[in-house]
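Below, chain A partners chain B and then partners chain C, in two separate complexes.
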Partner chain A sequence: MFDESLRSAAPPKLAVWKFASCDGCQLSLLNCEEELLAVAGAVSIAYFPEATRAQVEGPYDVSLVEGSVTTPEEIERIGQIREMSKVVVTLGACATAGGIQALRNFADVAEFRSVVYAHPEYLSTLARSTPISAHVSVDYELRGCPIDKGQLVELLGALVEHRTPRISTYSVCAECKRRGNTCVMVAHGTPCLGPVTQAGCGALCPAFERGCYGCFGPQNTPNTASLTDHLVRTGMPPQAAMRVYRTFNAASEPFRRESERQERAMAASGTGVKR
Partner chain B sequence: MADDTRIMLPQGLDRLIEVLEGRGYAVVAPTVRTGAVSLAEVHGADDLPWGVGDEQEAGRYRLTERDDGKVFAQAAAAPGMKATLFPPDELIWRGRRSGSQFEVTDTGVDHVRPTAFLGVRGCDLRALAQHDRVLAGRAFPDARYVRRREGAFIAAVTCTDPGGTCFCTSMGGGPHPESDYDLALTELSDPHRFVVEVGTDLGAEVLAEVDTVPATADDEAAVTTAVAEATMRMGRTMDTDGLRDLLYAAAESPVWDDVGNRCLTCMNCTMVCPTCFCTTVQDVSVLGSADAERRRVWDSCFSEEFAHIHGGSLRTEVRSRYRQWLTHKLAAWQDQFDALGCVGCGRCITWCPVGIDLTAEVAKIRASAGIPVAGGMR
Partner chain C sequence: MSSGVSERTQTLQVGMLARVEGEGGLHVEIRDGHVTDVELRIFEPPRFYEAFLRGRAFTEPPDITARICGICPVAYQFSSCMAIEDVCGVTVPEHIGAMRRLLYCGEWIESHALHMYLLHAPDFLGYPGAIEMAADHPDVVARGLRLKKTGNDLMDLVGGRSVHPINVKVGGFYHRPKAAELHAFRPALEQALEDAVATVRLVSTFDFPDLEQTVPYLSLRPSTGYPIEAGDVVTTLGDVWPVRDFREHLAELHVPHSTALHSTLDGEPYVVGPLARYTLNHDRLSPLAKELAHEAGLGPTCRNPFRSLVVRAVELVEAIVEALRIIDAWVDGVSASVPVEPRAGMGFGATEAPRGVLFHRYALDDDGTILDAQIMPPTAQNQPSIEADLRELAERWVAVGDHDLTHRCEQAIRNYDPCISCSVHDLDIRIDRH
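And now, the complex of A and B:
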């Protein structure tokens, strides 16, 4: 619900933009359900093709950007969006770290293209998938694949009220323990990336007795080497220990460095690297 | 042991829980939850971990089956009492804006429901004494903690089966609850029974509603034996002699670099520690609502944000965060609160995902200072 006494005469203009992505993060906004009326009351949705055909021209107060940059055209477009926006917020692993499509960064895109497409020459694509922050300055990042809708509403609320958003940068473990979960790694022997992953999801997977797979990307000071060494010592094959970092946030610096460190260790020990 | 020491049979536990619930308490006791014995609300003796044991090692916890049917034969539960008396996330106040006015509508204190703890250990009670000192014994006591603490009923148990990461005896404690309890139970076998010691008038009143018989000299001797045996089964030790000065002198020890390479800065140790009390305050406002809340949330010296002041974080390196934690717990705590901040429950060792063991780290610091002393794993 929206408290009418709080309605502003000139609510902030919000735009939602899509780059290389699956739409899941921007759909989180529509998925807010209970909070949707509050969001719609507090901001003026000026551009959001997933929700409405109406378009209000820029400039915008807040631009939510989903997806990574994978084509030359997208480099140009993100520059224009930045120029038109007071605040740029990236939504999710693609926009923040390059997404699952950044696996191309570890391989040869030309080879993929020739295998997948009948006419690869029609494609104009970049060799690497890069986060929005590689091209323009970003004011706030929301992590996750997909983002947590609670964090999205919190961030929008903070922007409307001109206060600092509560977005913690420490590990998933903090939320996991506060929630009263049993540690799946210690008590079940389930590999979990929680210790190196940023909080924000409310420790969703461990709450269902699954290991965290790191969709929120690296926490502020991740010790990936210590965690990987422990995973390998406790029985995870080196190949798998490399691959746990090659998912949605594969191109985030700490996860990229760790998977490459693990590749080098395998090469040195003669384990070999199979892709 | 006093004259009012009684014997209660296993079926008495159900009645004890019933009596406590009848008096309006939420009964919090060990119970199996997702693969671990945790302290959580129970509604009858069926919820207790009959025949369940545990194995605790550095970074490893497993439930085991026991063939003796004992119910309290585990080491420290995770989480312990802290999560109930000092919740991870709690309301400090809620307010409502109307025009330019602002009104506090709730301070959280009235929502406190009295809790009866059943099956808590000596280490937990010693940790509780620390929290009493830190949270209640100050100029401006923590009102919600004080309310919960004063309303709490405590039926402690003797820790007859300490775990591989336990070292309470090194920290001045022991398997037998010393004080701060209303009732103290010691579980014995052959026949399966509980020797119940009474600590307070309230404890006597509650126990009077449960079927018991007077304890004999043999029962009391059996308690003494059980405590003595448990004392010998601590999985770890820590030499606390001169610890404060040792740690202060070791500020630049290479041990911190080594542990800094292994520490994940994940905060698990501080979350499970029964004496850690650091929190942060968060203001919560909801989009489109005139209500706002101020909440207190567990925080940890292992996050970089924790030491963030104007200009940046004081502790950007992992080594400095681990050093801060250990030095506060075992040295500065003595200056601040006239006690050791560690009770030897072993939780931080068990629940560290990579098994960092503070007893081993302290032993290394001692060794590197040129004083070879025992410590660490037995």
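And now, the complex of A and C:
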């Protein structure tokens, strides 16, 4: 799995790139306060405009990519980044699934433009927000909105140590049990996306007496249909049971399929088709 | 950076501004030794938040709008909560207001420490970034990282995590931490206070170019204390108005020849952020923050954008003093939230993001579905003034070489701690490659 070409004496050259996003995932790198200077020592930070004016020309050993592709120029730019990077890592929900801005994929982008901008004709934007993997091959992905900085440090450590990073793909439920949380859905009837959502946050929301809302996107084998049926049966309005999948990972395949299935079910039964 | 010199026209182009949040560039045009055009270019792509908020439930904006900005998500969460509670006729009790202020203090500490130590101080100490600065000033960088970590840890404790906190909801919070947990955090805040005092003393020794802004300043001003999570709007023109009147005074124009939606106050440019808060609320600072401001050479007002670094340091002290005060008064056994029932209407909310006041407005129908949303972030409001500063400074510095001029202009932009990710759904995007 690991790219042998990274094996060399010199510290790997790291670049951090931004596409359509909130900056929160690259901020997670700066938020590794205790690890930051150690990381900076183990890698050579060659391009990270949010942190430094200094720049080193490519090629790069590792490119961390935040954000989704939403403009024609970005399609070109991600191609260039792929060409000059040995390893490409996508950071967070925008880069791995299109982010919350992928809600445009379910709507008419021309209408969206005119809601926000007085002169939509000045804008250059695509009809869909797409993940980085829709355009170039991606070597590793970190999920989350935002990513978990523990996972980021694990991934950087693995790259420096020439090993495969340990990133779980099972559900939040597994983490929740391990943390010793009371199940909010069983004990309190609180709607929770934990069963279908990938681990990584440490089951944060249930620890704060709230249901998971899906920041890390679908786990590897999500039974979304079963969860949706449970949510509706226990009192969630059908419209809301569709919307729970339409947030930060709305365009990820399992969540997209499920929200569209629910939308069709509502249309068939004539319920709640409100915009 | 690239520069092109023809016989009489010189253009200065910074393709990518470093050490700002989001993606922006700068274009300066000089003709016959005079600055003829300055544009802060924003090429951050639009994400259409106001559009996809339509049709969502009234409970969703705190989670959704947090994603506008990874650096100041709490500002978005609380401005949206306040606007929706305004529609629904709910005022949260004092203990929930205090918890909001505490989480917000965490965000101020984190954001101000990030900006001062990692993004802005390297300009004044002559380094490309903090990591390079750490080689010569390890103690300074370690102090900055320690402060930032304390801000983040406070947000973890109160909000669940520092980027996009999970504990905020309309009506309050999901979970209220216990007094014992908060008291255990006191030593970290005491260390932070010591570090913040040292920060004021450090930055006050920096060399600041002269620049005196004459545009009006605008901030919130609550009934007591320094403005953070609440208040009416006040300006240096002497105006006082409730947040719900913001649309009568503040206009956003999408003009074809400009890269920005120009926000104006009764038709004129204005400034929000630390200088505005300080100048309009100096009397509200704690005794310690006031004393340190005086020691750092600040008067009761400050209109030099370069000195915003000193004002941020004073605000850092204030945020830590406030956090300690709130923690000491913490009680257990009270509710984490109050119920909020939807109703039809329009509501308004505003809070002080670290970089300036952030307005939200929502229209709901009777079942709480969002019909319309409007968000006015601080960087969009400051945009015309950033360009005005650059025009004046570039004219003054026109004789220095392109390299220095570029660096100085970048520094002048960083005075505003601009958050381009935030401002973009409100800005015209024009990609102009030369």
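Throughout what follows, the second predicted complex is superposed on the first by the 265 of 275 C-alpha atoms of A that agree within 3 Å, B and C clash if a C-alpha of one lies under 4 Å from a C-alpha of the other, contacts with A are read in each partner's own complex, and residues count from 1 in each chain.
In this section, contacts are C-beta pairs under 8 Å (C-beta built on N, C-alpha and C of every residue); 3 or more make two chains touch, one makes a residue touch a chain.
Bear in mind that the values here come from a model prediction, so they are computed numbers and not experimental data.
In the model built by aligning both structures on chain A, chain B fits alongside chain C without clashing. In the superposition on chain A, A:22 contacts chain C only, with no contact to chain B. Once the two structures are overlaid, the count of chain A residues touched is higher for C than for its counterpart among chain B and chain C. With both structures placed on the common chain, the touch criterion links A:35 to chain B but leaves chain C unconnected. In the superposition on chain A, A:209 contacts both chain B and chain C.
Look at A:194: by the touch rule set out above, it reaches chain B but stays clear of chain C. In the superposed pair of complexes, A:240 makes contact with chain C only, with no contact to chain B.
Look at A:226: by the touch rule set out above, it reaches chain B but stays clear of chain C.
Taken over all C-alpha pairs, chain B and chain C come no nearer than 11 Å in the superposed arrangement. Counting contacts by the rule stated earlier, residues 37, 209 of chain A appear in both its interface with chain B and its interface with chain C.
If you check the complex, the residues on chain A that touch chain B are 1-3, 5-6, 35, 37-39, 41-42, 153, 156-157, 160-161, 163, 166, 168-171, 173-174, 177-183, 185-189, 192, 194-196, 209, 219-223, 225-227, 230. Residue ranges of chain C in contact with chain A, taken from their complex: 16-23, 44-52, 54-57, 60, 63-64, 67-71, 73, 114, 118, 122, 128-132, 134, 141, 145-146, 148-149, 152, 160-164, 166-167, 169, 174-175, 253-254, 256, 336, 369, 410, 419, 421, 425-426, 428-431.
In the complex of the two chains, the chain A residues touching chain C come out as 18-28, 30-31, 33-34, 36-37, 40, 45, 48-54, 70-71, 73-74, 99-101, 103-104, 107, 109, 111-113, 115-119, 122-125, 129, 145-146, 201, 204-205, 207-210, 213, 215, 240, 243, 247-248, 274-275.
Chain contact summary for the complex, chain B toward chain A: residues 33-36, 38, 40, 59-63, 78-79, 83, 88-89, 98-99, 261-268, 271-272, 282-290, 297-298, 300, 302-305, 316, 318, 350-355.
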